[in-house]
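The two complexes that follow have chain A in common; it is paired with chain B in the first and with chain C in the second.
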Partner chain A sequence: MGLIVTYTKKYRKNIGILIKLLRKPDVAFGLIILILFYSWSIIEGILQVIGSFIGKPDLGWILLPYNPFQPHLSQSLRLPSLTHIMGTDDLGRDIFSRILYAAPSDALISLVVVGGGILIGGFIGLFAGFYGGKVEEFNMWLTDLFLAFPALILAMVIEATFGHGYIYAMIAMIIVWWPSYARLFRAEAIRIKNMKYIDAALLSGLSKVDIIRRHMIRPALNTILPYATLDLGNVILFYSMLSFLGLGQQPPYPEWGSMVALGLEYFPKWWWYSLMPGLVILIIAVAAALVGDGLRDILGGEEKWV
Partner chain B sequence: MGDFLIINNVTKTYLARRRTIADFILRRKIPYIRAVNGVSLRLDRGKTLVLLGESGSGKTTLGRLIVGLEKPDSGKILVDGEEVPYVGDKSYMRSKLRGKLQMVFQDPSSSLDPFMTIKDIVSEPLIKLHMPKNEILRMVIEALEMVGLDKSFLNRRPIELSGGQRQRIAIARAIVTRPELVVLDEPTSALDVSIQSQILNLLVKIQRELGLTYVFITHDARVARFIADYVAVMYLGKVVEYGSADDVFNEPLHPYTQALLSSVPKVGVRELPKTISGEVPSAINPPSGCAFWPRCPYAMNKCRNEEPQTKVINNREVRCHLY
Partner chain C sequence: MSIWTYIINRAIRAFFLILGIIVLTFLLSHVLAPNPAYVWAGPHAAPSVVQAIIGEYHLNQPLYVQLYYYLISSLTFNFGISPFFKQPVSELIATYLPRTLQLIFVAMILTGLIGIFSGAFAAEHKDEWGDYTVKALYLISWCMPPFLAALLLQLFIAYKWGFLPPNLMADPTLPSPKPITGFPIIDAIIESNWPYFISSLRHLILPAFALALISFGIITRITRSSMLLSLNADYIRSAIMRGVEKRRVIYTHALKNSMIPVITLLALVFSWMISGSVIIETIFSYQGLGWLLTTALYNYDYPTVIGCSIVIGIAVVLANFVADVLYAVIDPRIKLG
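On to the complex of A and B.
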């Protein structure tokens, strides 16, 4: 009991934020969708990884209604119904199962790309903003260099040069993703740099790296958290775009974007084939945007004193 | 008047604005602001020097120069025989004065990191001294007790405290290392009057206990009178009068000092005496001669053309053609 009390005391602020989030219906809706998406992805992802390790890939679809790879040509292009709630594709595979099977790759890439963007962008942006002068000029020149290219084109060029596939898509997206974070972190560093407690820290004999570690990372992350949450949806959209173009997960593995692309051949007569994965992408992107917005409203009010 | 703090002909200028590419191409010169212009002062250990002046007089810049938050363009500042290192220089890390010069800022809400606990804030100057954890904790608690707070504040955050309590925390952080010198930059201006007197009394008590040397920056003549041993009156980056507090307050020599002191409202006096009018002139384009002449009631022709030099009169330094 004592442990619970100390725990809640320590995280009182976080629990308070959660309660505030859930009080708004739209944000609560988004949060529930995101939690469902990521927790399903963790379970399904672990099963898939274990399955491939022990050589029993069917562990990956043990929780799914159907085998996402097994074609049933007799069942091809069935309307959504109680047996196939999102219908079947041209080879008679259950679309709902394929969507669920593809979820972990989207969840992982959204977290890795946003995390990688924060890591690289944070490093470059915080140093640029705090050091100023030559460091800032160089770092921001580098950032602008990457920002100057349209993101999709740059990602396509990177993949065309180094190869296709999931890992390459991930790397390409981190490369196009970090510059916007570098700009955000730089702005934060400049704001914090003018605070008097930075002067006090300098007088305490801390080095600039110490000061970035002690005084900048946490407040900057706090400000960027809403944007990062919103960005999870953008990453999924962008990744779907890449796999729509055939630059993501390679067949026969299902991917939301490539399912939309394949289904377009059968549009509009067999509309559910591309519409269903498209809807899932949309819902998750909207959910991330709603949560990000809600977080910004709540954290924004406490920006000065958290 | 002492040799603990020696400020020797210090000047600090800033560019009036950022240099742009257009300036570079057109070879335009950007005007300079002389924030501190040839200031020389001396102070004994354990004494309080008050820098008195209106906003824009350069008193805060001088305070920042004294602790090393700014680098002087020319001149030297010595504390206890050691040159004050600029915090951005490499030499700062090796200096004996690293962490020994502290500053308390005007606005207590931006001088405390809102994300940290009081314990982390107050112990910050001790981090680089490589002391055992329990020793650090003991010193933090001691500093808190010295400023009239107690252990219960250790795990609280600045948001939970009032303005006066925040300023006490800032003072605790400044004294936790037993520094050589503390610069107090208008530490009471953002506080209510009743809290102001508490903080001032506290500062005096701490100075007595630890034998600290203070440089106290203020625009408030009453506060200055309360805390000062020595007063330096500043106008447009220059010290116009410097002397012991008793001398300066009882018999101000420079017309600007006279005006500053007579503009303090007093109980029972309905009408304030007519003092100087207008604002401090722009530091980008200061008046010729004595910078004070456009506002000076005693201005002579000489004042417009010739800059007065520092003269020592009755144990006091004055920059005025009247003497």
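On to the complex of A and C.
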């Protein structure tokens, strides 16, 4: 019985947060865009994976208005219109279909990179903040070292060393992404360390590792959640920069950033080729930032994210 | 602790960070790389070239020997010869880095102006339409992909209205000044090459503005929140009570003190701008360090990639050092340590 009560309480709290989020029009707008983006990505991603497993890639574009790979030279470089919402590219492929087809890879990389950043950064930051002393000095020196490299440059070096492609981009991005989380988690650990219940846990003989595992991860995550939401957009933005430079998903697979790069040749006369994918990235990033801001207002974090 | 111990402390820290950066690139390029000789020589190199590379970079020797040679050559900026440009990498960097620095310098001035004044404006009109407009603008700035900012500026200002040239560093028909300082604009002034000076200034505005467009958001936000803090301070209230005009209080008294946190951001903005310049220089065909880096990347020119990134890392560490020192000098209240 007690279990059920705690679960309903928890549930009620989450519903309360959701209602508060939806009450603000800008946050609601962002939330709707994000939900649309991620749910579309899940459906489309599953279809693509199943399609490639059973050897029928056309399952991947069964929901799309056009085949994203089939060239129609007679239709090339058409202005955005009712038949082609975002126009067509140089080979006559529908840009909107290609953007939709590329969505799952962006959704996946945003979740994996933010998750990886939280895992590594959380590990390093929590230990640094809780232990202090030499551990903290070393961990923070390591963090500063990775932060000293502009993220894009470090990712470029990593991909130049190991190779270009989606998986390499993912690994490179996790490597450049964890330091900001390490800083956040360290600050959180220092804040939580001074609370009474941590003293109580120490007195009752719990080991330091156990305290971190049981009593620090959850509260720290609560504070970092708004930042992580906002960060989903940053990851998509950053990945689009990598794929703009040709370091992401390799052709013929469409990718938002690389579509912009392909369209440069046809700029400015056929402006929609480059601008449309760029605008989609902008909208998703803005949506993530709005939701992150809204969450922070509700959960009561500080305005100190730099 | 006096300010000098603080500065020396920071300098030692910066030095170790620079060492760390070099060791990090060493780890990547010599230890973790699946086949270092092929990474350094490029994937399509002939066997004789690969043999020469192994000799040149001491790749057949123990790791600590490799690290020794790597550290020595990196600290003396001797990054080897670029296989694509057929020139020493250090010479390439010496030519291309000043161009990017002058771009970033102009962009940072623009960013500072836009960020500080929009932040002050938003704080003055807190919870009014002015505040919301500025908030929307900085959100967009924050989330704007660099290529989109560059393309929109190119499309409207250069192609549609024809105010400014869309790409390149200067009018290619003009004779370029001989490099004295390396900064084309300063060289043009020294040699009184006025047509080139005006042309390169006109070519600089759009990329600099694009860089400013993607990075002013953070400065706006910090200025706004620190303005709101200082607007509640006692000295502001007493200034208002003594009858100083409100606008004057906001834009002189409060703004001066709220600019202190912005100084720490300058290093961060510098680091962002270097990242952004890689993309923006590609789009504007502005031949700076970012352009060099991408060209080297496309042509498997690994020594240039490593050389550029070490130099960029050092530049960012130095920028952080300068920001820390400036902060301590300007604001004596901070805890030195």
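Note that the second predicted complex is superposed on the first by the 290 of 306 C-alpha atoms of A that agree within 3 Å, B and C clash if a C-alpha of one lies under 4 Å from a C-alpha of the other, contacts with A are read in each partner's own complex, and residues count from 1 in each chain.
In this section, a residue touches a chain if its C-beta (ideal position, glycine included) is under 8 Å from a C-beta of that chain, and two chains touch if they have at least 3 such contacts.
Values in this document were obtained by computation on a predicted structure and should not be read as measured data.
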Judging by the criteria at the top, classify the pair chain B and chain C on chain A as clash or fit. fit
Centroid geometry (CA): angle chain B/chain A/chain C, rounded to a multiple of 10 degrees: 90
Regarding the shared-chain residue A:Ser204, is it in contact with chain B (first), chain C (second), both, or neither? first
Chain A: partner with more touched residues, chain B or chain C: C
If you stack the two complexes on chain A, which partner ends up touching A:Ser52: first (chain B), second (chain C), both, or neither? neither
Looking at A:Lys196 after the superposition, I want to know if it touches chain B, chain C, both of them or none. Which is it: first, second, both, neither? first
For A:Pro219, is the partner it touches chain B (first), chain C (second), both, or none of the two (neither)? first
I want to verify one number: the closest Cα approach of chain B to chain C after the superposition, in Å. 5
Intersected contact list for chain A, partners chain B and chain C 306
Per the touch rule, the chain C residues reaching chain A in their complex are 16-17, 20-21, 24-25, 28-29, 32-34, 39, 139-140, 142-148, 151-152, 154-155, 159-160, 166, 218, 221-222, 225, 265, 268, 271-272, 274-275, 278-279, 282-283, 293-294, 297-298, 302, 305-306, 308-309, 312-313, 316-317, 320
Tell me, which parts of chain A touch chain C in their complex? 141, 144-146, 148-154, 156-158, 160-162, 233, 237, 240-241, 244-247, 257, 260-261, 264, 267-268, 271, 274-275, 278-279, 281-282, 285-286, 288-290, 303, 306
Which residues of chain B touch chain A in their complex? 64, 67-69, 87-88, 92-93, 98-99, 101-103, 105, 107, 109-116, 121, 124-125, 127-128, 157-159, 170, 173-174
Interface residues, chain A side, partner chain B - complex: 195-197, 199-207, 210, 214-215, 218-219, 222, 304-306
